[in-house]
Every structure is written in C-alpha cells, then in structure tokens.
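Pasting a structure below so you can have a look.
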C-alpha cells in the first residue's frame, strides 16, 4: 500500500538515507529500529512530509506522491505521533486535537465550541480516554497526553477516505508499564483502520508489537525481520554491527561498596508536596536506584541532593557535613554532579563548544582571579574526548551538534573531570542507542570503582535492577521497600512493580 | 559551504560595503581625519551599546540605560566641584546600583527585563529631575578642565576619547571571552537551565550583567556630561534606541548567547555610517527617518546569523 | 475566555487556589490602586473622573489590544508609533479630501485608515517572517519607516479635523461617557471575539504555546504570524482614529509614546512576553492600571518629578503581584 | 489695528530704512577690510553651505523656523533645497554628531544656524564649529557662561526670547478675565527647559498683584498636546469648579487643554498660551484663547541663518559688533482677540518679505543674565 523505492537523502556532509526500500501493507504494524544516527528519524521525516527525498519515489497504492510539507502528507492519510510531548500545553484538549483543522467547526468565521467538543469526545473515545475535552492540556498526566496525541492523529480517520499510516515515534518512553499495555492493545485494535510504523529503543516492545521489523544502520536498511523470526540478539547485532555484550548491564563489574563511609545521608527528609520521611545512606562505590512512577518523588530526591529543593523537615548530610542552606553551587562545591534527564536543555549548553561545556561547572579550577586558562581547558577536553572516545571533530564543536550519546559523555566528563564523587543520574540513557548505553553502563562501573557514589533514576526497571547495589521503591512520595541488588541476588521487575503501584 | 564560513563576517562586510558606497557617492566621506573624528564622536553611544550588549547577551534587555545616563550627567555636574575627579566613582557607583537593582527585580522577582528596566529608568529619571531642580545645569569650567580635561585631548592625532573607548572595548572583550564571568554569561544566554544544573550562580551572574550595563551607561553618561560640560534630566535622550539598534545590527540577537562586544563595535559603526551618510548624501530632511528604517531592515537582514535560531520570534 | 471559566469553577471565595489568585491579581491591583487614590482624594472616585481616565485610555487600549495578539504569539510588535501616525495622517487626508464631514462620503476615510493599518501590519509581518528577522528588530525598524512616512506625507504639518460629527466621539456623552469609550468597548469585544471564537485567535495561542509543535500539526505558522501582525495593524489604526477623535489633530507625533506604554500595559495586565498566556481582558486591566496611576498621581497632587519614579515602582509591583512565580523557572 | 502691532510694523519699516543705509556701510567696510591684506581676509568664506539644525519636523514652531531659513536661502537666489537640514530628534548626541559630520563634509565651509536641543550641548557645538573655521549662530539654548565674543568671529550670535515679561502680560489678561479671583492652573513645558521656567515665572509675577487668585497647580506637559490633555483632565478631577483659568506654556499645550475642556462641555474657560502658531491665532480670533504671544519664528529662523551666513562671507565682522548685536532677544508680539485677524492677515496668511540683512532691527534688546 505505502511504499518507498530507493529513496535517497543527502545533507551537507552526511548521506542520511541510502537507497532505502520500505513498504507497509494495510493493517500492518511495522517496527523500525536502529542506533541513533542510523537514519530512522530522517526516514520518518521523509514519510510524513517534513523532508523531501533527493531521489527515489514514494507511492501510495502504486501512485507516486510527493509531499511538500506535513500538511500534504496528512491529506494523504499519513500522521505522526511525536516522540517528545507535542501537545501545546496552553490550549485545551480539543483545540490540540483539531489544531490546524478547525475549519470544519467554523460557521461564518465563528468557532462552534460545542460541536468541536462533541467531535473531540468522539476521538477520545477511540483511545478510551474519558476526560473533558475543554480541559487545558497542561493539567493532564504524561500518559493522558500521549493518548490525546494518538487521538489527534486518529482524526485522520474521519478526514481521509483512504488508508491511514500512523507513525509512532518512541510513544512509550514516558509511559508506565500498564500504560504501555493499554497503548499496545489500542494500536492492535486500530489496525482494522490504520497501519502503524512503530519506532522504539525498547527492543522487547518492538518485538512484541510488530508484524515486521526494519533494521537500519548508517542510512541503510540492513535487515527486514518477520515477527516470528525476530530475535533480540540478532537484531542488536545487525544494528550495532558487532556482538552485543551478553553482560549488558556489566554485572560482572559490579563490586561491593564501602559501607564504612557515607557520602550522602538522608534522615527522615521531607519536601512539602513532593515526598515524606525519606531516609537512606549512599556509600562510596554504591549505585543506589530510586524506582517509582512519574510523580513518585524520585526526581525530587535528586533535586534535593543537588540543592534545587530545600527540605521542609529532616536533615541532609553530605560527607558528614549538614547541608543546610542548600544551593546548587554548594552541592557542586561538595562534589555532587547532576546528569539531568533533559540533556539538551539542562545537560549541555547548546551553543557552547566541547571544552566550554566540560569546564562549566568547575571554571574556578581553570582560572586565576577570574581569568580563564583556556589552553588548560582544551587540554582537559582533549584528554576526556580520548578517554571516553567522544565522537567530535575537535574541541571547538558546538555541543548542540553532537549526537545524544556524545552529549551525555560530555556531561559525564564535565562532572568526572571536576572530581565529583556523588553522581545524580536522571535517566542517563534516555534516548541513547545500544552502543551509547553500554558506554554509559561501563562508565558507571568505572566511577564506582573510583569510589564514587551514584544515585540513579533509570530508564527502565531492567536497567535499574541490572545496575544497582540498592533499590529504593517510592510510591506517592514515600519509600515502600528497599531491595538489595548484589549480583546473584537481584530482585525481578515484578517484585518492584508490586510495590510501585 | 563558503557562504557558511563567511557568516560571522557578514556584519563586517555590510560595514565595508556601506562605507565604500557612501565614499563612492561622496569621496570626501573617506577623508581619514574626518573618519577618525566621526568615530571619536560616537564614543558615548558606543560605550552605551557595549553595556547593552551584556544585557542582550544573556537574553534580556536594558531600557534604563538612557535614564541612568541622564541621572549621571546631573550627578556629575552637581558634585564635580565637591569631589573633583572622584565624582566618577559616584557616577559609576550609581549606575552599578541601578543596574543591579534592575537585575534583582528581573531575576528574583520574575519581572521581564523589558518592563523592569523601563520602570527602573523612570525611577532614575525622577532622581535626575529632583537632583537637577528641573534645570539644565552647566559644569564649573575650571573643575571640569582640572578633572576631566584630559578626556578630550589628542595624542599623535588620536583623540583620547577613542583611546578610552578602545580600553573599554578591550576590557569588555576580555570579560566576555577570557573570564569565568564571561563564560558564565554565555552559558546563561544560550542555556540558562543547563547553567543552573551545572551549579553556576545564575542569579548573581544575571544581576551582575545588568549591573555592568548600568555601569557602562554611567560611564557613557559621564563622558557625555563632561563633553557637553553640563547635565540635565533629558541630556542623554536619543541614546537608547540607537544603542539597541547598534547591538542588534552587529549580530547579537535578542535571544542571547550569540554575538558579543566585537559585534557591537561593528554594529555601532554601521549605525553611525548610515546616520552620517544622511548628511553626506544630503538626504531630504523629511525622508531621513524613513530611509533610516529601510536601510536598517536591509542591514539587519544581512547581518544576522540565522543558523542558531531555531524559531524566529 | 479562560479567566471567567476558572472563576465560575472557583465559585465562592472559599478555597481559591493560588492559580486563581494569580489570574485575578491584575484586577485586584487595579481595585487596590483605585481605593488608594480615592482614600487620599475622594474626588478620584467619580463618574466624571472615570470618564476622563477612559478618554485618555481609549486610544492606548486599542493599540495595546493590537499588540496583545502579537505578544500572545510570543513575538513583539514595536511598530505601533509609526503605524498609528501613518493611519492618523492617512485618515485626515482622506477625510478632508472626501469632504471633511462624516455626513458625506468622507466616512469612507474610517475604513480606509483601517485598511492602511492592515497593510502596514501585513508588510511588517512579511518582513519578519519572510526575511526571518526577529520581530523586535523588524518591527522597530518598521516603526521608523512608519514615522518617517507620516513625516513625508505631512511635511511636518498638523492636520485639524473640525467635523462636529466626527468629534462627537469626544463631545457626545451617553450615561456620562463619551462615544469614543463605547467605540473602544465595541472593538474590545471584537478583539475578544477574535481571541475566543475564531480559528485565527486560537492559532495565536497555539503559536505562542509551542511554535514547532504547531508547525508539526500542520498549522501554517507563517500565515498566522503575518495575519497576527495585520490584525494588530487594524487595531493600531482604530487607536489612531480615537487619538485623532480625542484631540482633533492628526500629525506625525500622534503615535508618540505608544510603544513603551502599550507593551508595559500588556505586561502589567498579566500577558506573558514569552507568549501563550493572557488575552484582551488582561490588556484592558493593564491599560487601566497604567492610566489610573497616571491620573491618580496628578489628582492626589504628587510633584511632577516624583511621578515618573512612582509610576516605575507601581508598575514593578503590579507585575510582581500578577506573576505566577511557581510556574516559571526563569525570566529574561 | 492694535497699537502694539502698529508699533511693531512701524518699527520694522524704520529699521528697514535704516538698514539700507547700514548695509551700504557694511559692504563698504568689507571692501575696506579686503584692502587691508590677505591675513584679515581669511575670515571670509566663499559660497558656504548653509545649514539649520533643529529638533524635529513634527512641531509647527520648528516648521516656522525652517520656513524662515528657507526664505532666507531663497532670498540669496538659491532654491529651498540649498538649505541643509540637520534634525536631532530631541537627541543632543545626534545634534552634535550631525554638526561634526557636516563640518567634516564641508571642510568647515559652513554657515550654521542651530538650536542645540539642550543648553549644555551648545558649548561643544560652538567649539567644534570654531575649530573648523566655520560660522555658527545659535537660537534658544546655550548655557549662561557661553558667549559669542569669547570665540572671535566664528560664534556669530545667540538669539533667545525673554519669556518672563510677555508671559506675565498674558497672565494679567487671564487674571483680569477671571475677575481677579478664583483658581488658576499652569501647564508647563519640559520642566528643565528655560522657556518653560520663564513662562511659569511670568505667571507667578503677575499673581503677586492678584491676591485673590490661587495658583492651584503647575505641572509639566512637555510641550505635548496629548500629555496636556491628560494632565488637564486630572486637574479637572482634582480641582473641579475651583479652576477658573488656565495658563499654558505654549499653543500645543493649549490645544490639549481645550479638547479636555471640550470633552467636559466647558466652553468658556479663560485660557492664555504662547508662541502664536496660526491655529492658535485663529483660536484667539474665535475667543477660545484670550491671548498668545507671537515670537515670529519665521523671522527668527531666517535671521539666525542670515547672521551666520553674512558673517561667513564677510558681510560684517562679528567681533567688531557690540555685545548687544551678538546676544539679543527676539521680538514678541501679543496677539489678542481684537487684533488677531488683522495680525493673522499680515503675518501668517501672507508671510511678510523680510529683509534678511536687517539683523537687529526687530530684536528686543540685549540678553540679561540674572
């Protein structure tokens, strides 16, 4: 039905798509996997009309089409559910659903809100979401928003007579397990009406949902796997182009921590409205993982250690000293390093180059009386680029132009080179491909061996379990359960989920 | 690709094209002595634009600068006899404090700098009107010559004003590109949240940036006051918009983090060339403002580097 | 009209949330200011004085309403001084040329002026969108062009509009308020209508709330932007007409002082400069706050040299009170 | 015709006659100087550029000034365009920069007439002109310690107006119309401007003789119609019926005041203003304004340019003139309802052809510093 033949796309310096063949039949769910930079997002942009191919053809039911913009693609039944939250939060749910297509509710220039609400309810029913369509979107949970996005794309159903192709770009990244299940069952139901292209880093999900999986590497489709024959290891091998370490989470490198010393101590700490009565100790060499759903208070704990939240009761001590007038500067001075979830916004400064980013938290060490010693900064950057094999042409490269994995390495290099020994990692592998993830896992083990303590909020439960020495399960701001995560004695995801919800 | 590489030099190219264009139409424009004089005359404006650069570099704006300069002309004139050359400290201190107050209101009270600095400007204006007794004051000529006469001399044909401007430019450039403060400014301008997450004292840095713009406004006001040997609450009017335009034309966009003081130098020169071209090319008086606007649009269209602007707002 | 809906939900004063309080803060500030001035000088609180404040505020209200749309989109329009002058002058020329009284074909000068405003706004928007020049710079430069154009048209002269019928905007009163106040009110309602009931109005919010997301949803953002500036231009023209109606003179200086005044009023009213939040009712309150302060200071007899400073302080306080500090991480 | 205007026109005719004589002598003396040797002849420029530097084109007052400048240039047989306009838009910085630019462009071959926008700006302008060997005449703004005679020939003259006396006269007319009792408000110019201060002082002087009239308030309205309109509205709230008369610092302010009163349906409030713009004179004729003071900006604009030009080409040598020819007050004429139409006919509807070489005839005595 929908087909790409020998589609080619070049950007200055990059051959992003090399003669890609791709097809999807009616009612199919097609998985698309590949490392970051393999060309997935370019391919998707070509499909939904944001990019135009340099050569090759796009056909729908055998007819050649060419989209100048996403709008034209939509008119041909192609819709996209975006990876990042793509609803406009200051608008109501119904406005978001019909954004750009309000004309159907307009009579004599006036929007008929009642009609729009009715139509919106109809769309929301398709995704089994029972909310008032005039709710302002910012009041919804992330999962609800994801469903609204799906509902929005499904408006194509009414608008288009022909077949629909819906792209789902990392739709599960912000969802909890049961929400993912809900989404998947919805998608399966909807195959009666639409075909789906499903893109995810979560290999198990792709395997579970897809009828066929396209594996991409370096701008090419290197393999097409049918549902029954799919095998995670084989696919990963194709994607990475080498054998994936069986010991994915580097458990063999997990060494016992030094319980004699304490880096961070929480003593019945509460932050009003965020969490209550949280107590724990973090020791050198320990990976302490906070597990819980969105809003369980896990991020707030990290932010408290970094001085961005002030405890309303209880005591925080860092390396034995009380942490009273908490500020981020104070935290950094005491050796705390923060790797935020929003890497592009909080992790690196887009617009500053590699060495500037690396020394940002520790400029004082490279300056005398406020005057920078730029030569030393560059030397430091070159050293860490080598040590962490960061892929960048030189130290002058704008960090905004690096790939996600390399950005994350720059962030880690910033803190490690600054001598931090307490690391707060908030979703450190989010959006990274397998190779980059492995690099991060290696680094975590390495840092532990150097005597650092790590507080981790992981991307997946498997990751949390695989990496940590200690797991704290949080629910509604309270610690539910503490698990020991020594190799051999690790809990199962089911054990954790039981306490999370 | 060659165009990409040329991008940082677009402001310079624009300047060169403008100078040559005006020179071709009226060769007397290219007379070196008068060019030097032309540049020397815009020193107060340039200093104000330098200060404005700091505010815009962190993504804000400082609309109080003109009123700070007004206040300083009055302060300088009133207290010159009493304090002599040390009146400079009083003036600069006043600029620093007002700028810091703007910064504090912006960063700690979440009032957008557009409004916060505008309002602080009103407060400074009140101060100027009160202190001047609502009159135009003139400086004591002897005290002026004794304390600040050196500002307007020449050494080997180079006006001292230019030397002062050069020193301040060097200082501002050094601050911007060689110090931890300048690096922090860039971080705040390009990615404030990342700067916070790196443990920078973002609030302090922003307050300091506004304090610096206030300080430069005060220096500009002081020089202007000495140059005119007097002060009143309206003396520096007309500086503000030109200073903003100079910064923007130089290629420091309002989004922050890009550009810098060297750009402001080019921007100021472009503005001044356009302005004096009006005189040199004998543009009709009623047409001048319209033509200024049109050339401005063209100049900005040529100079801004859009590669780092994801969305143009 | 998001504000009203929330109020209905809040229902009684019991349990009013922080959010609601912030939403209503500008109005509270306005009421407190009125109370303050009335306490010092009871004569402040009279219909006649409110009529005076409204007469003074009407043109600025129209200009501020126009710029509100642009600010909701997250852009800014600083061309109002030029646009207002050109519209005022075009109106005056056209009006006199067609006969000089509303009772003749000269009434066509009214729509003509609005057309001129729309055209200037359109060009402004095109320059911003097509040349990809940030709106601050594009509109500032367009403001210069506008003022310059008005200058070229008049050669610096003032044009008097003596027509009694046109001037009845000022001289005719209904219920104690002159007609121009009602005209401003009608256009405010039109603005509110555009804001809440038209696709374009809602698209302003979409662009302000997330431009790249709006593009991805298939919205033609460039078109919305250009139209936004065009609508703003029309409202600037209405402001120009009221300004001429108030003084009876059209000149290059008609547009003076509108720029900082209107942007300040918009911000004081609680519309955020980063876009997506606020609306025309906020702007009404903001404009009234600014003009009540201006009128009140004279009425209570503050010395002239203090007035600027007090205005500055009160504006800062008003913005601080009406800002939801918890919802924003930083401000520039 | 009122005696005042008669006197004025008479005076002008006489001085014109005198002038013909004087100019003959003047030209003769130039010739004589020329004969004395080349060293002295340096003073004269040939065919200098004539420039007028002023605030803006949006104010009728400045337009009148400029029309005078253009009339003078035309009297030399050139077109209007020969006058170079420098507009400072209220910015002293631009004023100075433009002067420097035009000096550089002309290489000092320049006759400049200027209002420097703000008093302190006069010194650097004059210094720059003198340094370039050009000639300058100033109008309105200069500081008290700056005098033409300190700069040899290059700083030709300064003309200003003593506004205190005429403003006092208009105030007396106003106070009489109020019946010598009640309350008066004053709406002033930009507070730090000299004329604004003097015009308020004029009112205060007159009030001394009217103990029953109270000065309710004096607020700056910045020479601006819209601002005046707002201030007057607020006054009406504060004082209501207590206001029985309004003293305006200039005509543009009076327009705003009139409209504010009109909005309230108040038609018979006694108002006086200043400047004598055509529109204001018309309003005086309609008895909506009781009096305004005509300062003849057309003549002022022309003669300031003429002084600079003739000094530049050597028609006369400024340093040989007495001080009262180098700092003097401009003419003022009181315009009242009875003679307004006549005045309008003779001065505004058809602008008199002035003799631009009669430099001091209509002037009003030397400037006195307090």
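Just so it is clear, A, B, C and D label the chains in written order, and each chain counts residues from 1 on its own.
Definition applied: a contact is a pair of C-beta atoms (placed from the backbone, for glycine too) under 8 Å apart; a residue touches a chain by one contact, two chains touch by 3 or more.
In this text, all values refer to a predicted model and were calculated from it rather than measured experimentally.
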TODO: Based on C-beta pairs in contact, work out which chain pair has the most and send it over.
DONE: B-C
Task: Geometric centre distance via CA averages, chain B-chain A, whole Å - done: 43
Task: Centre-of-Cα separation between chain D and chain A, whole angstrom - done: 73
- [ ] Please report how many Å separate the Cα centroid of chain B from that of chain C, as a whole number.
- [x] 30
Task: Where chain B touches two or more other chains, by residue - done: 129, 134, 193, 196, 286, 288-289
TODO: Would you pick out the residues of chain C that each touch at least 2 other chains?
DONE: 151, 155-156, 304-305
TODO: Give me the residues of chain A that touch two or more other chains.
DONE: none
Task: Interchain contacts (touch definition) - all pairs - done: A-B, A-C, B-C, B-D, C-D
- [ ] Using the touch rule from the top, collect the residues of chain A that touch chain B in their complex.
- [x] 12, 306, 308, 327-329, 331-333, 338, 340, 342, 345-352, 356, 359-361, 363-364, 367, 370-372, 374, 414
Open item on the list: Applying the document's contact rule, which stretches of chain B touch chain A when the two form their complex?
Closed with: 1, 174, 178-181, 183-184, 186-187, 189-191, 193-201, 257-258, 308
TODO: Note which residues of chain C are touching chain D in the complex, please.
DONE: 41, 43-44, 46, 48-49, 51-53, 55-56, 151, 155-158, 160, 167, 170-171, 178, 243, 246-249, 251-253, 256-257, 294-295, 298-301, 304-305
- [ ] Enumerate the contact residues on chain D facing chain B in the complex.
- [x] 57, 81, 84-94, 96-98, 100-102, 104-105, 107, 118-121, 123-124, 141, 143-145, 190-194, 197, 220
TODO: Could you pull out which chain A residues touch chain C in their complex?
DONE: 50, 69-71, 74, 80, 82, 86-91, 95-96, 99-103, 106, 109-111, 113, 136, 152
